[in-house]
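In the two complexes that follow, chain A is the common piece, with chain B as its partner first and chain C second.
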Partner chain A sequence: QTVTVEVLDHLEHLALVDFRDAEGVERLQKAIRFADQLREVNTDGVEPMDSVLEDRCLYLREDDVTEGNCTNELLKNAREKVEEYFVAPPGNIPLPKLEERDTFLQGS
Partner chain B sequence: QVAAALKKGHVTPTELCQRCLALIKSTQFLNAYITVAEETALKQAEESEKRYKSGQPLGVLDGIPVAVKDNFNTAGIETTCASNMLKGYISPYNATVVQKLLDQGAVLLGKTNLDEFAMGSGSTDGVFGPVRNPWSYSRQYKEKSVRKPHSDSEESNWVITGGSSGGSAAAVSSFTCFAALGSDTGGSTRNPAAHCGVVGLKPTYGLISRHGLIPLVNSMDVPGILTRCVDDAAVVLGSLAGHDPKDSTTIQDNFKPFELPNLPDVSKLSIGIPKEYHAPGLSSEILALWSKAADLFKDAGAKVIEVSLPHTRYSIVCYHVLCTAEVASNMARFDGLEYGHRSDMNKSTESMYAATRREGFNDVVRGRILSGNYFLLKQNYENYFIKAQKVRRLIANDFLKVFGSGVDILLTPTTLSDAVPYMEFIKEDNRTRSAQDDILTQAANMAGLPAINVPTALSERGLPVGLQFIGRSFQEKQLLTVAKWFEKQVKFPMIQLEEVKRHNHDVFQHEKSASFS
Partner chain C sequence: WVPVVGLEIHAQISSNSKLFSGSQVQFAAPPNSLVSFFDASLPGTLPVLNRRCVEAAVMTGLALNCSINKKSLFDRKHYFYADLPAGYQITQQRVPIAVNGSLSYNLCVDNKMSQMVTKTVRIKQIQLEQDSGKSLHDDTRSQTLVDLNRAGRLGLFSYFSSPFCVVMEPDMCCGEEAAAAVRELQLILQTLGSSQAVMAEGQLRVDANVSVHHPGEPYGVRTEVKNINSIRFLAKAVDYEIQRQIEELENGGTILNETRAFDAKLGCTVPMRDKEGKQDYRFMPEPNLPPLILYDAKSLPANMNHQQVVNIDWIHERLPDLPSVKRAKLVERYGILPEHSFALLNEDGLTEFFENVVKQTQMKPKKVIGWILNVLLSYLKQHSLTVKESPVSSFILADLLNLLEKKEISSTAAKQVLAELWKGEGKTPLEIVKEKKLELIQDQKELDQICQAVIDGQENEVMAIKAGNLKVLNKLIGLVQRETQGRSNPVLVKQLLEKKLSE
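Moving on to the complex of A and B:
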């Protein structure tokens, strides 16, 4: 089955990245078909594996401050800043809907 | 050998550094380096020289020129990951492994080229262009290539380095540095090592800190080591391994650096030959070499048996799902606010992020992010992501079973064929290529096991072919010992770079075998 435009639109919203052209959409279709091969494997009774180090204990250290105070260093790489703040455009404005967005998906 | 020369004063760190820098300039056509840190390198070399003069070098690595893949953070030096997203980004800190090298006195020459964000198997998809395999310019390759009349054969015939740590592999292979750091998530260190005829070590997951390595797949990434011989790899490993409080995925066990025996003995070992690694598309040349290698071990008294890792062929599919899923998460940090590229679009945070990411990422990266997000959708989570995690366990268990049955080391090919010409390689898209090329190297990342590529012989086209050894978790000493034995047996030939040799006769005078340990 092919992926619907609703799902493609949803993905562009979630990822905040665009498909750009038919090739991009086809890339996803191919990726899904490739991944579908997993169905051939019998995984009954198998637990998902998060990490190869799952049998080990995580390292915990004392909750003491050992480094920091590098505000200037960190701000150096930001393009827009004011004093010690990163400046962002207004939030709480959702990405425009499919019909209003400049996206390849509009034509589909 | 070079370390001994430094100690005896036959050559000084600054001379060494200068020669390497000159060599980098004369091999610029390889496009192996993105950034060359000339000033800081010379300064480091000077400091090293002072230490040698006062008889107090920091260790074997003091004064040794090294290169680092451009997805490791290096303080004060641009770190781009070969992407527009990070062009101009100057790291405020050193990755732990970089810091460790510098603490040992190594001289950081520069940052090497890669596929954008380490996604790819050719080192062809970065914004700074593809890396050329130094062997394209070797006498061995030229002698074997069919001379086409009227064609600019050099320009169109050059072969890829493999990837994604192609720049690092090319740098080591062309003598511009003595060791380089790469990263290995699906084979990204071993693949280019095989194509460039150098040693490529992927350590056990959890042995070396990933702090400062810009992550691709957090549960599989490891820093990789590229050198010209196995002993060198052991030395670098010794200086990098160990627990790092800044990386919670490093194990807490004490790591003891080791030296490899001069005359390794393999007669008491059991070598496993996984039959599934006779994958479709494996060239007959490599198959023959693999077979010959198995015989070498047999003749030396080792037990060589065929084993089975039944889920091998699903490794690449599993990787595809898990990788894209983790990538979707890891790439979310690139929004233009704190670092990196930022779009001029200012209407809202979401539209700014979207525009920044449109502008900053190439097709491959965007494609993986979108695929990853698809597999993580509520309706797909169980069938793709969780399923892949279950298959991962099956793959890891395959290895556990084989190692548990008495096999010490697995011997497999590293790549399906020798390096292909760039013009051939780009005919297929990145994902297809990665799926083809990572087939033999991927499973080791899935299971977190250590693996190493050892250059074995030249193909009929005069290009390097390597074989891979996979070992038990955290048994790098055994793995490297076997690798060293094998290296001594095959005596892989040194690359004969024609043009470069003419200009840099001196370099070759002093560094005959070009190893530093």
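Moving on to the complex of A and C:
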């Protein structure tokens, strides 16, 4: 059972990964096969865990102002700024459709 | 056609600091000044939950009759946008803090305040979630300016209501119901103090989900309408969208499951750009936050640090009177009508003003309410003032009403005095009455003479009255009023005239 081109294309859109070549896709397939081993364990009636820390106490912070006010520091790493705003392109630039993209997946 | 409207409402929690960081929460601060390293999503930072936000969410859940989940979970909702630097938003998608509540609100039938009907909308859930930043679109330079003050973690919770409003006629009614429900929610949040819920300051945002279908058939495809900036626009947007969908379907078209923006200037909804088909948010548990555990009196742990415990019962005991309860109490205590109580609660500070006047005057509350709602409120509206900004204080108004009650001035004169008081020149009602000579004539003899003079001068009218046409008496009363320049008590005048005419 292989992962379809549609799913790979969908993943490239969502996560902006680039499967780049056959080896990349095969690595993904291997990872899925590896994770699928989990299905061999019978988990009927067992609540799934979220994380190994899930039985810790969630710390509640008091509603005090303790940080912020560091505009200059924050903007130091920004490539482009206007006054004190970060500058970004006018909107999301969507990944072109599969047919129009220069991607390994095209050939699949 | 049966329109179906659901609302997704985001209310900004009234707190000093943000939901997951210690940055300040403040309206209109310099861009990116209220942003911490966590808010900017710099690597190595972690979210820390604000206790006050949890309490606000519990309070609101209780006020809206929800079941509070003693264990609720946080999730990540992934999508890309410049104002969401982490690439995901922390929310509560699987198990939110409160579920299955209800909100009752009131609607005027045919715009008549005297005929009110109560409706209920179900609340699907209340969840705590982050807000994104604010983007300013600079079309001239083709760029977006990002300010992360709001974003990055303003305590925000979202209230989902399941579709409500099944109405036979789809025109005005649904927009109105949506607006009324949101208005009541706004009042509740303000009463609780959990949010100031001012739409103009972005503290309350409403997205509407609208669809139409034929009775008996399954629900139609729904659209989401965003960019609604006031309750008034909410009603318009919903109504427009309902109409648009009906027309589209009647012309043989189809409705797309899309997101549309409300254009306030044009009064219509338009498809939103920048939405790439169906979003896959790839929800996953937030690994940095363990489950949120709430307690009640029974489950309270013995040895836990008090500061780490949120006790649902403790919060419940301290809930203030909700608007519906306040209204009922006002009606019972003062004998005013239900529609009066609505008007009082609808204007910030008006209830307090009314109660203060009642305390300081002998005039009955049933009469005072007329002066508050018909006179004072219309003055305030005319001059676009809030109750707090009123140039006439409750003390001064009470003073004026006392003069009226003691029959030292007429009702007409009282209105004249109020107009003068509105100038805010610091004069007392009595001073103005004396200045403008508005006192009612107390001298019986003088009044008697005037009445007699009027009778003597109106032979025809007198004959008509003696013949049985009692309505003409009003004309004589009017003449006496004119003669006295409005300074006669019409009740007294009527008595005197009647007495004389029967002799």
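The criterion applied here is as follows: the second predicted complex is superposed on the first by the 102 of 108 C-alpha atoms of A that agree within 3 Å, B and C clash if a C-alpha of one lies under 4 Å from a C-alpha of the other, contacts with A are read in each partner's own complex, and residues count from 1 in each chain.
Throughout what follows, a residue touches a chain if its C-beta (ideal position, glycine included) is under 8 Å from a C-beta of that chain, and two chains touch if they have at least 3 such contacts.
What you are looking at is a predicted structure, and each value in this text was computed from that prediction instead of being measured.
Participant: Which partner chains sit in contact with A:T71 here, chain B, chain C, both or neither? Use first/second/both/neither.
Facilitator: In the superposed model, A:T71 contacts chain C only, not chain B.
Participant: With the two complexes superposed on chain A, say which partner A:E62 touches: chain B (first), chain C (second), both, or neither.
Facilitator: Second partner only.
Participant: I'd like to know which partner A:L53 touches here: chain B for first, chain C for second, both or neither.
Facilitator: So A:L53 meets both chain B and chain C here.
Participant: Check whether chain B or chain C contacts more residues of chain A in the superposed model.
Facilitator: B
Participant: Check whether A:E83 is in contact with chain B, with chain C, with both or with neither, and answer first, second, both or neither.
Facilitator: second
Participant: Indicate the residue numbers of chain A shared between its chain B interface and its chain C interface, in ascending order.
Facilitator: Touching chain B in the first complex and chain C in the second, residues 10, 14, 16, 50-51, 53, 56, 58-59, 61, 70, 74, 86, 88-92, 94 of chain A appear in both lists.
Participant: Can you list the residues on chain B that touch chain A in the complex?
Facilitator: Residues of chain B touching chain A: 89-90, 92-93, 205-206, 219, 243, 245, 248-252, 311, 314, 317-318, 320-321, 324, 328, 335-340, 342, 345-354, 357-358, 361, 363, 366-367, 369-371, 373-375, 377, 383-384, 386-394, 396, 429, 431, 435, 447-448, 473.
Participant: Show which residues of chain C lie in contact with chain A when the two form their complex.
Facilitator: Per the stated touch rule, the residues are 15-17, 21-24, 30-37, 39-40, 48-54, 73, 78, 80-82, 135-139, 142-148, 273-274, 276, 280, 282, 285, 287, 289-293, 307-308, 310.
Participant: Residues of chain A touching chain B in their complex?
Facilitator: 3, 7, 10-12, 14-20, 23-24, 27-28, 30-32, 34-35, 37-41, 43, 46-53, 56, 58-59, 61, 70, 73-74, 76-80, 86, 88-96
Participant: Over in the complex, which chain A residues touch chain C? Could you list them?
Facilitator: 10, 14, 16, 50-51, 53-71, 74-75, 82-92, 94
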